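Please read through the structure below; I'll follow up with questions.
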Amino acid sequence: MLTLMIFLPLIGFLINGLVGRFLPKNVSGWLGTAAVLGSFILAVMNFNALTAEAGQLESIHQKLFTFLHVGSLHVDFAFQFDRLSAVMTLIITGIGTLIHMYSIAYMHEDDGLYKFFAYLNLFIFNMLVLVLGSNYMMLFFGWEGVGLCSYLLIGFWYKNVDFGKAARKAFVMNRIGDLGLLLGLFLIYSTYGTFEYQDLFSRVFTGTDASSNVNTAIALLLFIGAMGKSAQIPLYTWLPDAMAGPTPVSALIHAATMVTAGIYLVIRSEAIYALSPFANEIVMWIGLSTSILAALIGLKQNDIKKVLAYSTVSQLGLMFIALGCGAYTAALFHVITHAFFKALLFLGSGSVIHGMHHEQDIRQMGGLRKKMPITYLTFLIGTLAITGFPFLSGFFSKDEILMSAFAHNKLVFGLALMSAGITGFYMFRMFFVTFHGTYRNHHHAYEKVHESPLLMTLPLLVLAVLSVIGGAVNLPHYLGEGISGGLHHLLSFDGGGQFSPILIYPEHAIELSHTAEIALLAMAVSVFVIAFLYTRNKYVVKGSVPEADADQQGMGKVLANKFYVDEAYDMAFVAPLESASDVITEYVDEKALKSAVDGVGTGGYGLSKLLSKIQNGNIEYYLLYMVIGISLLLAFNLF
Amino acid sequence: MIALFITFFAAVVLLFLGLNKKESSFSNLAVVALMASSICSFCNAKGLCNFAILESWVPANMMLFGYSEHMFASLLAFVAAVIVFAFRKNDNLGTDQLGLIMFSLCGAFMMISYQHIVMLFLGIEVLSIPLYVLAGSKKDSLASNEASLKYFLMGAFSTGIFLLGTAFIYGGTGSLELEMMGIKPSFMHAMEGMPIATLINAGLILMSVGLLFKVAAAPFHFWAPDVYEGSPNRTTVFMATIVKITAFVAFNKLLSTFGGIHNTWSGWLCVLGMITIVWGNLAGLVQNGVKRTLAFSSIAHAGYLVMFLLILDESKTWILWYYGFAYALASVLVFLIAHQSATDKNPVGFDMFNGLSKRSPWVAFALVVGVLSMAGIPISAGFDAKFYLFSFAWQSSPWLVGLGLLGSAISIGYYFKFIKHAFLVKVDGDETAVEYNDKGLMMLIAALLLLAGAMPWVLLKWVF
Amino acid sequence: MNLLSIFNQVEISHYIYLSTVLFSIGLFGVLFRRNAIILLMCIELMLNAVNLLFTAFSTYMGDADGQIFVFFIMVVAAAEAAVGLAILVLVYRNTRKTDVSFLDQLKG
Amino acid sequence: MEIILIPIIAALVTAGLGKRSNVWISTLLSLIPLAVLYTYFTRFGVDNGWKTIFDLTWISENIRFTLGFDGLTGMLLLLTNLMVPVIVMAGIRDDENRVKLTALTLFMQGALNGVFMAQDGLMFYIFWELALIPIYFITLTMSGENAFKITLRFFLYTFIGSLAMLASLLYLFLHTANYSFSFEALRAVELSRIESIWVGAGILLAFVVKIPLLPFHSWQADTYTHSPAAGSMLLSGIMLKMGLYGLLRWYLPLAPESIEFFQPWIIGLSVAGVLYGALIAIRQKDMKRLIAFSSLSHVALIAAGIFTLTAEGLEGGVLQMFVHGVNVIGLFLVVELIEKSTGTRLLGELGGLAKSNRSFMIFFMLLALGTVAVPFTNGFPGEFMLLKAVYMYNPNMSLLAGLTIIFCAVYIFRMVQFSMFGEGKHEVLSLKWNEYVAFGILSIAVLLIGFVPQLFVDVVHSSILQIVTWVSEAKGVLS
C-alpha cells in the first residue's frame, strides 16, 4: 500500500509522459489529478493504520531492493512511513490534489497540458520519495528529483528565454545547496556508517560515535542543503525568479511543499541538531535575517506573485527561527498552516491572473472584488491567516514560533515580531491594491475580467476552510490541555522501539506564564491591527497606487531592487566565474598548454631545420664534420 | 659460399651476354640467379644440401659460411632479387648495371662471412666500387653525377680511415685474422715500445668509423641523404637495404671479436647511436623529398641497430636478421611505390602520393603497411623487429632504448607525411594504372610484412 | 750492416708517428683542397701512409699478412682511382669544373 | 577470440560490399558480437576471477595470444559492443564516407574487444595501438581543414604515451623469470620502490594521456570537435575507457608499490581536471567542444575515484565508465542530429528545437540529466560513489570535485537551453527508425542504471575484489 501510494504519481507521470500527447486534455488532467488523489487516499489510510487506536505503530517500513552495496556503502531503496513523513505526505498529496484539480482549468488553454501534468506527477513522486525515504540517500534522491521538477516546471514555457534562465538559476542554486547536503551525507556516513534513519539516530542518540564538532559540521552541511531548497540567505534569490513558472507550480512547489523540504530535513535530523547548539544558533540567525530581509523586499514589489514569493521566503525564515530555537513542532506546525494559506494565496493570485488574462502587476489591477467575489473572499481569508488574524491558522502557528523565540532570546523575539509585523504591511498592501480601489488597467477592459470557473474556485474554497481551521492541528496550551498540542503528541509518540519518536529530545519547554503569553499575543495582534489600519488608510481610503519600480526613491528604490543582491551575486560570483572560464580557455588551455605541447613540436622542427642547414651540400664540410667526429672520438677515448 | 659463386658467375655471364641488349631483357635471368642464391644458401644453412667442395676452395681463416652467414646471404640475395624484379623495367642499353649490382652483392657476401680483415677490406671495396658507378649511372643527370662523386670521395676517404685503423689494430694485436686478433693482445705485450692499448683503441675507433660510414651513422651520415637523393632509385634501395644490413653484420663480427674489451668501445658507440637516432629522426621532419626523408629514416634505423651491436650475444644474431628482413622489405616497398608514383612533373616531392588512396587504393594500402612497418606500429613486422631489438638491448643500453622509443615517436612525424598525402590530399585525377605484376609484388611484400608481424614466431622458428 | 737491421734500429713508434703524420698531411689535403683530382691524390697519400705502417708492423712482427695486405691496398687503390677518375670525367663533362665545392645541388 | 575476429571480418565485409552495404547490414553485423558476449557471460560467469578463455603460442612460447574474461572485462565489452551498434546505426551520416567510417568503426570494435580481453602485456599493447589506427584514419581523413595538425598532435601524444608504456612493460618483461609477457608473470616481478615508480610512471603516462588527465589533454578538444560524430563517439565513449581500464587492470596490479607515490598527484590532477574541464565548458559555444570539456571533467573524476583505492571508488569508477560512455555517446549523437538537420552546432545559432520534435527533446533531456547526475538517471550512483570515495581520501578534495555537480548543471542546462528552448530558429528535426532505436537503447541504459545500479556493480564486484587483493598483497596495506 505504501509502495502504491508512492508510485501512483509515477504511474501518472509515465502515462502522461509517454502517451499524454494522444490523450484529450481533460483526460490528461484528470488522470494526473486522480493519481495524486489516489495517493492522498492511500496516505490517509496509511495514516490511520499508523495511528489506529489499537496497536499504534511507530512506522511502517518497506524495503524494495538494494540500491547500492559497495564496500562499506550500503543503500537500500526503502521507505519509512512514520509520523513526520505522514504529516508531510498528507500535505503533499492533499494540497497536491487540489492544485492538480485547479490546474486542469488553469492550464486548459496550453498545448502542453499533458506535459504539465506529467511533470507535476513526477514532482509529487519525488517529493514523496524525499519525505518517505527511510534513509538519507532516499531523501537525497527526492531532494534532487524535486529540484529537477522545479527546473522543468519553472521553465515550462520554454519559448521564453528569461523563464529558462530563471529555471536554470533555481536548479544551480539548489545544486549549491545539494553539494553541501552531499558532503553532509558523506560526513554522516564516515562518522556513523549508515544512512538509515533508525540505525543512524540510535547511534547518534547513544552518542559515543562522534564528537560534537563533527555533529556541528554535519548539521551545518545539511543546513546548506536546506538553505538551497528552502531559499534562505544566501541562496534565496532563485525563489522569486521561480515565479516564472505557471502559478499552480508556484503554489505547489514554491510555497506549499518543495521549499519546506529544508524544514523537513532539519526536523528529520533533530537528533544531530540537538547535539549542536552552535548549529542551531546559525540556523536561527540565518532564518531571522532571511525573514526580515525578504519581508522588507516584499514591501515594494508590484508583481503579485513576487510579493507572495518574498512572503514565502520570509515565512520559511520564520520556520527556521523556530527550528533554531528547538521548537520543532512549531516549525512543522507552521509548515502545515503555511501550506494551507500560501497555497490558497497563490491559487488566488492565479485566479486573479487568469481573470486578468495573464496580467501580474498589481498596479494594473484594483477593484476586483466585485468581479471575482469568491477569489476575493478566499484571498481575504488567506491574507488574514498569514498576517495573524486571531484564531485563524496562521495566528496559532506564528504565535507558537514567536513564543519559542521569546523563550529563547528576547532580541530574536523582537526581530521576529518585526518580521511578522511587516508581513501584515505587504500583504494588506497587495490585497487592497488588487481588490479594492478602482480598476486601473487600460489595455484590458474591466468588463472582461471574470471570475474563475468552479474547478478553480473549489480548491480555493477548500483551502480557505483549511486556512481557517488549520490551527486546530496544534492548539496552544492556554486553550486547554485536552485539545492542545495535537501535532506535538503525534510526533513525540514513543512506541518503545529501538529508536522511537521523531522528536527524541524534549522541546525547550515553553514555560511562560499565562500573563506573558497573553501579553505576547496582544503584541502580535496589535502589530497586525496597526498594519491593517495603516495599509487600509493608504490604499483604500486615500486610494494611492504603488509607484512603479523605476519611480522609486531612496530606500524604496533599494527595496524595489531587492537590495541589489542579484547584481551583487552577478558581480561576485557569476562574472568572475565567466571571466575565469574565458581566461582559462584562452590563456591556459589554448595558449599555455597547447603551445607548450606545440612548442615541443615547434622546437623539434626548429632543430630539424637547423640540422638540415648543416647539411649544406658541400662535401668539404661533410668531410670536415667527419674529421671532427673522428677527432672527438679519439680525443675522448685516448686522452 | 654457394651464393657467392652463383651470384658471381651470373654476374659475369650477364656482363658478357647482354653487352648490346637492353637490360630489361635479362633482368629475369638476374632474378632467377639471385633467387637461386637465396634458396641455395637457405638450404645449405638448413643442411638440406651441401656444397662442401666450394667451401674447401677458400681457407677457413679467410671466409667462413656458418649457419647465420648462410641465412644472411639468403636474406640479402632475396632482397636483391626483389629489388631487381621490382625495378626490372630499366631500358638501359647493356646489362652492365645488373652485373654491377651482383658484383656488389658478392662484396656483401664477403663482408658477412669474413674471417680475415683483408676479406673485410676487399668486401667493402667490392661492395662499394660498383655502387660508386651505379650511383652515377644516370650519366646526363647532374644530381646523379654529384651523388656519385660525393659518394666516391667520401667513400674513398673513409676507406683510408678504415685502413689506418686496420693498421693500428694490426700493430696492436699482431694479426689480421679475427680469431687471432681476439686473443693476441696479451701475447703482444712483450714487445717494447708498442702502445698496444692505444693502438687497439684508436684502431678500433678508426675501423668503426669506416663501417659507421657505410651504415650512415651520425656524424658520418652526411653522404647518405645527398647520395640517396641523387642516385637512381634502384641504387638507393640497394644502398639503404643491402649495404646497411651487410655493414651491420660485418661490424657486429668485428666488435664481437673485441667483445672482451667492450667497456672501451661500448660507451662511445652508445653515444653515437643516440646522436644518430636523434639526428636522423629530427632532420627527417623537415624534408620535402621522399627519398631524402627515407634517407633520414634509414639513418635513424642505423641508430636503432647500434643497440644490436651492444647486445654482444652470438645467439641473438636472429634479431639483426629479423630486423633486416622487416626493414629491407618495408624499404623496398616504399621505394618501389615512390618510384612508381613519381611523375615527370614531380619526381621527388611528397606530392607524388597525393590522392593515392583514390587513384589506386591497393597501392595506398601497401604504402601504409610499408610506412607503418618502418615506423614500428603493430601488427607490422617492423614492430616485432623493434620489439625484439629494444627488449634485448635493454640490459646493455637502456638509455639508448629509451631514446629509441622517443625517436620512434618523433619519426611518426615524417612517416605520417606519406599517409597524409596518400589519404588526405584530394586530387582530381584518373586511376593510375599500375601494372599487375607490380601491384602483385607490392601486395606480396605488404602481406609478408603483415604476416611476419602477426606471427613472427612462426617465421623465426623456421629461419632460426 | 744489414739493411734490415738499420730498419730495426729505428723504433717502431717512429714509424707510427711518421705514417700518422703522412696520413694527416693527406687528410688535411683532403679537407682543404677543392680540386677533385688533388683530393684523389691526397687520399692516395693517406693510403700510402697506411701502407708504410703495415709494412713496418709486418717487418717488426715478422708476420707476412701485413705486407700482403699492402698489395691488396695498392690494387684496390688503383681500382678506386680508375673509377674515381671516370666519375670525375663524367662530372667534368657536365659542369666543366673539377672543383668539388661547386657540387652542392643536393642538400638540406 | 570470436568477439575480436567477427568485427574485423565484419569490417572487411563492409569494405568489400562498398556502396552496396547499408545501415541494416552494418547494424546487424555490429550486433553479432553482442550475442557472443552474452554467451561469454553465461559460459564463463563473472565471479571466477580473470580467467583465460583463449590461449595460443604467438611471438614466443611465453609471449602468447591469451584472452581473459571476468566482470570488469565483461562490463567494458558490454559497453563496446552495445555502443558500437548505436554508433553504426545512428552516428554515421549517409555520405561518401559512410562505408569507410563504418568499416573503420567495426574494425575498431574488434581492436577494442582485444584491448579489454588481452591477458598478455604485449598483446595488450598491440591491441592498444591497433585501436588507435582506425581513429587516426577517421580524424585524418574526415575532419576538415586542420586535420593533419590535429591528428598529428593526437597521434604523437598517444604514441609517446604508448611508447612509455611499452618501455615499462619491456622492463617488467625482462625481469620475468622466463621472458614472459603474461599478466601473471609481469605481476610476479618483484620491483623495488624506485623501480616501481619508474615502471608505474611509464604505464601511467599512456593511460593519463588517453584518459586524459589535466596537462595531457590538449589533443582532446580539437580532435573531438573536428572528427565526424562517429569518431568523437568512439573516442570519448569507448577509447577513453581504455585508459581507465588500463589503470585498473594493468597499472594497479603491475606497479602497486608506486601507487602511494602517485596517488596524491593523480588525485590532485584529477580534481584539478574536474574543475578545469567544467570551468571551460561553461563558456563554450560549440556543442561538441562543450561536451569534450564536460567529458574531460567527468572522466577526471573517475580517475580520482579509482586512485582512492576504495571499493566505492573502484566499483563506482567502473560503473561510471560505462555510464559516461553511454551519456557522452548519446550527447554526441544529439549534436550530430542537430547538426545534420540544422547545419550548425553553435549554441548561438540554435534554439527552439524542443518544439520541432518532442521525442528528440525527451531523449536529449534524459541524456542531459544523466550527465548532470540527477538521481534515477545513470550518472547519479557512479558520481555519488566517486565523490564519496574522494571524500574518504580527503574531504577538501571532495568539496572541490563536488563543485562539478554545480558546474555540470550550469553548462549542460545552458546547452539544453540554447539549443532546445527559446524561439525556434530552425524548422524540423525528424528522427528516422534507426535513430529512434539508438536513442531507445541509450535511454534504457540511462534509466536502468539509474534505478538498479546494483545490477551492474555486482558484475564487476569480484573483479575489483581481485584487483584490490593483488594490490594489497603487494602493498600490505589497503583501506
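We just call them A, B, C and D in the order they show up, numbering each chain from 1.
Throughout what follows, a contact is a pair of C-beta atoms (placed from the backbone, for glycine too) under 8 Å apart; a residue touches a chain by one contact, two chains touch by 3 or more.
Because the structure is predicted, anything quoted here is derived from the model rather than measured.
The greater number of contacting C-beta pairs, out of the two interfaces A-C and A-D, is seen for A-D. With centres computed from Cα atoms alone, the innermost chain of the structure is D. Here the CA centre of subunit A is 98 Å from the CA centre of subunit C. Separating the CA-averaged centres of subunit C and subunit D is a span of 66 Å.
Averaged C-alpha coordinates give centres for subunit A and subunit D that are 37 Å from one another. Each chain gets one centre point, the mean of its Cα atoms, and the points for subunit B and subunit C are 27 Å apart. Subunit D has residues 156 in contact with two or more other chains.
Of all residues in subunit C, those touching 2 or more other chains are 27, 30, 100, 103, 105-108, listed in ascending order. Contact with two or more other chains is made by residues 612, 615, 617, 619, 623 of subunit A.
By the definition of touch given earlier, these chain pairs are in contact: A-B, A-C, A-D, B-C, B-D.
By the touch criterion given at the top, residues 27, 30-31, 34, 100-101, 103-108 of subunit C touch subunit A in their complex. Chain contact summary for the complex, subunit B toward subunit A: residues 149-150, 153-154, 157-158, 161, 198, 201-202, 205-206, 209, 213, 218-220, 222-223, 225-226, 264, 268, 279, 282-287, 410, 413. Remark: subunit A residues 612, 615-620, 623-624, 627 touch subunit C in the complex. Residues 153, 156-157, 215, 217-219, 221, 276, 279-280, 282-284, 310-312, 315-316, 352, 354-355, 358, 362, 369, 374-376, 380-381, 384-385, 387-388, 391-392, 395, 398-399, 402-403, 405-406, 409-410, 413-414, 417, 420-424, 452-454, 457, 461 of subunit D are the ones touching subunit A in the complex. Put simply, subunit D touches subunit B in their complex at residues 57-60, 63, 122, 125-126, 129-130, 133, 137, 140-141, 147-148, 152, 155-156, 159-160, 163-164, 166-167, 170-171, 173-174.
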